[in-house]
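Shown below is the structure under consideration.
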Amino acid sequence: MQSSLRDRLPVQSATLFDAKASKNMTFEEIGKQMGRNEVAVAAIFYGNAQTTPEDVTALSNILGIDHSALEKQLAGYPYRGHAMDMPPKEPLIYRLYEIVQNYGFAYKAILNEKFGDGIMSAISFSTKVEKETDDKGDWVVITLRGKW
Amino acid sequence: MQSSLRDRLPVQSATLFDAKASKNMTFEEIGKQMGRNEVAVAAIFYGNAQTTPEDVTALSNILGIDHSALEKQLAGYPYRGHAMDMPPKEPLIYRLYEIVQNYGFAYKAILNEKFGDGIMSAISFSTKVEKETDDKGDWVVITLRGKW
Amino acid sequence: MQSSLRDRLPVQSATLFDAKASKNMTFEEIGKQMGRNEVAVAAIFYGNAQTTPEDVTALSNILGIDHSALEKQLAGYPYRGHAMDMPPKEPLIYRLYEIVQNYGFAYKAILNEKFGDGIMSAISFSTKVEKETDDKGDWVVITLRGKW
Amino acid sequence: MQSSLRDRLPVQSATLFDAKASKNMTFEEIGKQMGRNEVAVAAIFYGNAQTTPEDVTALSNILGIDHSALEKQLAGYPYRGHAMDMPPKEPLIYRLYEIVQNYGFAYKAILNEKFGDGIMSAISFSTKVEKETDDKGDWVVITLRGKW
Amino acid sequence: MQSSLRDRLPVQSATLFDAKASKNMTFEEIGKQMGRNEVAVAAIFYGNAQTTPEDVTALSNILGIDHSALEKQLAGYPYRGHAMDMPPKEPLIYRLYEIVQNYGFAYKAILNEKFGDGIMSAISFSTKVEKETDDKGDWVVITLRGKW
Amino acid sequence: MQSSLRDRLPVQSATLFDAKASKNMTFEEIGKQMGRNEVAVAAIFYGNAQTTPEDVTALSNILGIDHSALEKQLAGYPYRGHAMDMPPKEPLIYRLYEIVQNYGFAYKAILNEKFGDGIMSAISFSTKVEKETDDKGDWVVITLRGKW
Amino acid sequence: MQSSLRDRLPVQSATLFDAKASKNMTFEEIGKQMGRNEVAVAAIFYGNAQTTPEDVTALSNILGIDHSALEKQLAGYPYRGHAMDMPPKEPLIYRLYEIVQNYGFAYKAILNEKFGDGIMSAISFSTKVEKETDDKGDWVVITLRGKW
Amino acid sequence: MQSSLRDRLPVQSATLFDAKASKNMTFEEIGKQMGRNEVAVAAIFYGNAQTTPEDVTALSNILGIDHSALEKQLAGYPYRGHAMDMPPKEPLIYRLYEIVQNYGFAYKAILNEKFGDGIMSAISFSTKVEKETDDKGDWVVITLRGKW
Amino acid sequence: MQSSLRDRLPVQSATLFDAKASKNMTFEEIGKQMGRNEVAVAAIFYGNAQTTPEDVTALSNILGIDHSALEKQLAGYPYRGHAMDMPPKEPLIYRLYEIVQNYGFAYKAILNEKFGDGIMSAISFSTKVEKETDDKGDWVVITLRGKW
Amino acid sequence: MQSSLRDRLPVQSATLFDAKASKNMTFEEIGKQMGRNEVAVAAIFYGNAQTTPEDVTALSNILGIDHSALEKQLAGYPYRGHAMDMPPKEPLIYRLYEIVQNYGFAYKAILNEKFGDGIMSAISFSTKVEKETDDKGDWVVITLRGKW
C-alpha cells in the first residue's frame, strides 16, 4: 500500500497490506488459497469489496492475522469508492478512465443494440485480469462481466 | 444518435447515424461487412476512432453515403473524448466509470504484480462486447485488451 | 417545458410539450389513457425514459401528433440525465438532492442491515407521486421501488 | 461505521456506533425500543438528525452509554449534510442521486401539476424503508413524505 | 436586461424587459400598479417567480403586451435559479453571496437558538429592498422574511 | 459548536463555545451584556468578525475566560469565510444561498434602479435576526443593512 | 476583440470594437478625447464599466457610431465579470491572478496592519497602467487605488 | 497568523509569526530594518518569497530567532501559492481577485496596445502598498511593477 | 480542424484550416515556406500565437487566401488558451498534461537547483517536435526552450 | 522538500530529502553517482518514479540511509501524480501546464501529421533539463522523449 494513501483507506487496509508484505505473498497466491479471484482479493484489501465469514477466516489463516481483530476491522459493509480521486491522477488507473471517456458512447450504443434499453450492473459483477504474450510483447486482458 | 448530443459531436456523426437509420442496420451488421469489431464501428460514428481509406470506402458503400463527402468529413485525426461529460450522467456509461472508481486500486495492484511497473495502453487497445445468457438472465461481457 | 431548457432537451420534448399544451391535458390524464404512471410519462417527455411502440402509438393518438414523425423522434435509446445541473439549482429538485445528502448514510446503513451487501437498482425501478391532505395541509408522498 | 469516515463525522457517531456494535443490535431493534423509525435512528447516528431529551435517555439506556457524556455529545443542533461527498462515490448512495438526476424534471412537473407552484419540504419530512419480496426477488421500497 | 444574459433567460424575459424599456418604467412603478413588491416583479421578469392570472393581465395592461402572447410565455411553472453563475461573478450579487459565506454559521446558530431545530423557508418567503439615507450616505436595507 | 467543524475553525472558537456551554448562556444574553447584536457575537465565535479590546474584556468577564489567553487567541485580524463549504451543504444555510441564487438578478435590478450603479457593502454592514409570530406560525425576519 | 469571445460579451462590445478598428484608434487616444483613463475605456468596451450620458455622446462622436443605437446598447447597468474564465486561461491575465494567489496573504497582512480591519473597495476604485523603460527593458506599472 | 491556517503554511510561518507577536513589531518596522519592502517581508512570512542569506540573518537578529533553526526552516525554494483558496473566500483578498475578473480584459487590451504581444512577469516583479488620505477618507494604493 | 471545435476557435482558424486542406499542405511545408517552426505555425492556426505582418503575407500567398480578409481576421492580439479543456480529454494532449502532473515537482526541484529561485518563461519560449526512429520504433522528441 | 508538502508525499520523501540535506548534495551529484538522470532522481524523491534494487542500494550508500529501512519504504509501485494540485498553483510548475494549455492543439496537429494517429507515451518516456546561456541570459531547455 502506498504510504500516502494510508489515511484515506479503512483500517483493515493497513493490517492486510502489512501482513501481505511480511508473508511476501502475491494477490494471486492469496486468491488461490482463498478460492477467490485475485482482483476481488485486492478489492477487499482496499476496502471496496465485502467479505464473507469464510473470507475472514481464510485471510486470517493465510496472512497470520489475529482472527477476532480482523473480523472486527472487516465488520460492517464496505463504503466503496470514496478513496479514489476522480479523474484519477495515477496514470495506470487513468487509462481505464480514459477508455470510459473515449468508448463510453460506443459501449452504450452496442449494449443498447444487443440488449435493448437497460444497464450493465456494476454490482452483480465480476472481473478478471489476464496476461497474454505475443511477439509484440505483453498484453493486458481485462474482462468485465455484469448482469444486464 | 440522441438529438441533444448532435451539436457536441463532429459533423460525420450526423451523416453516419442518419444513414444507418435509413438503412435500418445494426452496428453488428455494419461491422461484419467492414471487417471491424462493432465497438470500433460505433466509436467511428461518435468521432472517437480513426478511419482508414478502406473504412471510408466501406462505410460509403454499405450506408449509401457519397464517398467524397464522407471522406472530407472523416479527414483529419479524431479529437477524442471531448463530448463526454465526466462523471458521465448517463447511467449505463456511469456504471463503467463506477467500475474504475471501485476497482481502480485493485486493477493497479494486480497489474503491477503481474507485469511490474508500467501501464496498459488505452491506444494500442482493442475491446469487444459479448452477450452471455444463463438461467439468471443475460450477462454483458466486455473485454479490454491493451498493450503493456 | 421551461423555454430556457428547450435547447438542452431532445427534440421530442418540444413536440410533446407543445402538443400537451394544445390539448391542455395533465400528465395524469395522459398517463391514465396510456396505462402508465404519470411520473413515467413526464420522464418520457423529458427524454429520460424509454418508450415502447405502444407508447408511441398512444402518445400519437392522445396528443394528436403525426405517428411517424413522433416515432422517428423517439427512436433510439434515451441518453438519460445529461440535461440536469448537479447540484440542481431549481429549489424543488434541490430538495430531493438534499434528502440524498442528508439521509444517504442512513439509507445505506438501513438497506445494508435489511438486505445485506448490495444495491437498489435505479433502473429496475418504479416511482409514483401521491398527494395526502390532513389538517396540517398537503403532503407529498414519493415512493421509490427498486429491485435489490 | 466505516473507519475511513470516522474523522468526518461528529464525535457522537463513534460513541453510538461502538456501543451498537458491542450490543450487537440493529437499527430496527433500537428504533423499536426508542419508538422512532429506523432511518431516523441511523440519521441520528450519523449526526444528521436532531435528538430530543427522550431520545438521549433512550439511547443511553438501550446502548449502555453514560447519559451525561452522551447528552453532551448530542447537545447543540445538527450540522447536516457536510460529511457526504457529492456526487456520492458510494454506489448504493449514488443510485439515489441518480434517481434525482434522471427523474428530477419529471418529479417537478408532476408535483407542480398536482400541487401548483411550491416545494416539498425536506425538513418537515419523514421517510421509511421497507422490504418487499416477490418471485423476482427482493425489492426496496423507500417512501418520502414531505409537507408541501 | 443585459444583452449577454438574453440566451440564458426564459423567453418572457426579453418580452418583459423590452416592453419595460419602451414604457420607460421602473420596477417600483410597475409593482405599485400591480400591487406587488418591486423585488417580486423583478423576479418575474427574470423567470424566478410564479405569476397569477391577475399578474399576467396587469403586466399585459401596464406594459402594453398582447395578453395571449404573454400568457403563453408565462404558462407553466418557473424553473428557478438556473441562470445564475454560482459563485456569482457580478460584484453586487457576490456581496450577498459573501454575506452567506461570512455570516452563515452565525445565522444558523442564532436561528437554532431562537427557533430550535428547523429551517427558514426560502419559498414561503418575501423580501423587500429599502433605501435609507443618513449623514454617512445611502444605505441599502434588505429584509428577508421566511416561514420557520 | 459542531464537533466535526472544530478543526476548521480558529482556536478561539473552541474556547468560546466551551465557555458558553459551561455558562449555559445564549448568544442573545451574551450580546445584551456586551452591547452588541447577537449575530455579531455569533460571528465572533466563528472567527468571522473582529473584536475590539472592549469586546475581549466583556467576553472574558461574561464567560469566565482568562483575559490574556483570550486576548492572545483573538489577536490579529479575522480570516473570514474560509470554513464554509460553498455551496453550503447545511440545509438552513443553503436556504440563504438559494435566496441569492433565485433573487440575485432581482436584487441587482432593484438596487441599480434605486441607487444607480454601485454596490452594497458587505463590510460596512450590519444584520439582525428577529422572530415574528402570527396565526400561520413563526417567521424569521433577517435584515441586512449595508452602505451603498 | 477576439472573435471567439464575441458571443460571451454584451452587444455593445462588437459595436465599439468594430468602430475602433475602422477608426484605427487606440484606447489611449479614445480615452484622451473622452477625458477618461484608457483602462476605464477598455472596461466600457468589454461591458464591465458604467457609462455616463457624456461618455455615450463622446464615444458616439469619436467613433462615428449612431448615438441612439449606442445609447440603447449601453442602457442599463453593467453585468460585470461574467465573461471571464476563472482561473483565467489567457497567460497575461493569469499573471494578475497569480499575483493574487501568491501575494494575497501578504496584501491582507499589510493592509490590516496599515488600516486595521476592513477592506479595499473594488468599486470605488480606479486603476491605471503605465510603461517605464530602463536598461533592463520595459516595465509595466499597474496602480490600483481603492477606498478603504 | 490565523490559527486555522497554521497547518496549511510551511513551518517557518509559525516561527516567524510567533516571534513577530512576541516582539510586537509591524511588517513595516521589520521591513525597514531588513531593507526590504514590507509586502515582500509578509510574503516571506507566508512562505511565498525567497530569502537571501542576508534576509535570514536579519530576520534572526530582528526577531530573536535562533539563526541555524531559522536557516534550516527557510532552506530550499518557496513552493508558492498552494495555501490560498481560489477563488479566495476571504473578502479582502477576494476584492483583488474581483479586480482581475472585472478588469482582466481591459488590462490585457491596454497592455497589448502599449507593449505589443507579450506578458507582464509576475516573478520579476515588485509591489508596494501605500496609504493616502483625503477628505473622503483613506485610500489604498497598490502598485504592481513587472517586467514586460 | 475537428468540426466539433470550430465554434470554440477564432474565425481565422476555419479560414486557415480550410485553405490548408484545399492546398493539401502539411504544417511542415507551410512552416518551411514561412521560415517559422511548424509548431508555431500550428499555434497560429489555432489562434494561440501572434502573427507578424510578414506572417500574414506569407500565409496569404502560400495558402491562397485574400490578404486583406486574412489580415483583418488576424488583427489584434491572440487570446490564448481558452479553447482547451483542462484537464484535456484528448488522449494525446492528456499525455503532456500527465507529464506535468507526474514530473512537475521534479522539474521544479531540478530547475531551482540549476538556476536558483525563478521561473521558466512560457512566453519567451520556443518549442519544436522531432521524430527519431530506432529499433524499438518511433520516438517523439519535444524540446521546450524558455528564458529563465 | 517544502514542509507543507510533507504530509501529501509518501514516507520515503522525507527520508530522502532529509538525507540529501544532511549530505548537502544536489540531484545532479546524486544522479551522477547513481548513473541516472537528475530529473528521474528527483522524481524518485517525490515518489513518482520506480526504483530498481540497484537504485535502492545506490541511494542507501550515497545518502547514508539504512538499506533495509529504505528498501521497505521504496517497496511496492509508485502511486503517481496524486500529490500535485491541478491546475498547479506553484508558478514554475504552472508555466509547464500553461504550455500544454497554449500549445496542446499545435502539438497534437504536428504529431498527427508526423506520426499519423496515435499517441506519445508518457511512460516509456525520458526527460532531461539543460541550461543554456547566451547574451540574453539563461535559458531552460527541457527535452521530452516518448515512444510513439
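Each chain carries a letter (A, B, C, D, E, F, G, H, I and J) given by its place in the written order, and its residues are counted from 1.
Note that in this section contacts are C-beta pairs under 8 Å (C-beta built on N, C-alpha and C of every residue); 3 or more make two chains touch, one makes a residue touch a chain.
Protein identities per chain, from UniProt: A, B, C, D, E, F, G, H, I, J = Cyanate hydratase.
Since this is a predicted model, take the numbers as computed values, not measurements.
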Task: chain E and chain D - chains in contact with each - done: C, F
Task: Partner chains shared by chain C and chain H (touch criterion as defined above) - done: E, F
- [ ] Go ahead and note the Å separation of the Cα centroids belonging to chain C and chain J.
- [x] 51
Task: Separation of mean Cα positions, chain B and chain A [Å, integer] - done: 25
Task: chain B and chain C, separation of their C-alpha mean positions in angstrom - done: 29
- [ ] Name the residues of chain H that each touch 2 or more other chains.
- [x] 76, 78-81, 83-84, 86-87, 89-91, 98, 101-102, 108, 112, 118-119, 121-123
Open item on the list: Judged by the touch rule stated earlier, which pairs of chains are there in contact?
Closed with: A-B, A-C, A-D, A-I, A-J, B-C, B-D, B-I, B-J, C-D, C-E, C-F, D-E, D-F, E-F, E-G, E-H, F-G, F-H, G-H, G-I, G-J, H-I, H-J, I-J
Task: Complex interface listing, chain D residues touching chain C - done: 26-28, 38-40, 42-43, 45-46, 48, 80-81, 83-84, 86-88, 90-93, 95-115, 118-122, 125, 127, 129, 131-132, 136-148
Open item on the list: Please output the residues of chain I touching chain G within their complex, sorted ascending.
Closed with: 8-12, 47, 73, 75-76, 78-84, 86, 122-123
Task: List of chain F residues in touch with chain D within their complex - done: 1-5, 21, 85, 89-91
Task: Residue ranges of chain H in contact with chain I within the complex - done: 50, 76-79, 108, 112, 116-119, 121, 123
TODO: Sort out for me which residues of chain D touch chain B in the complex.
DONE: 87, 89, 91, 94, 98, 101-102
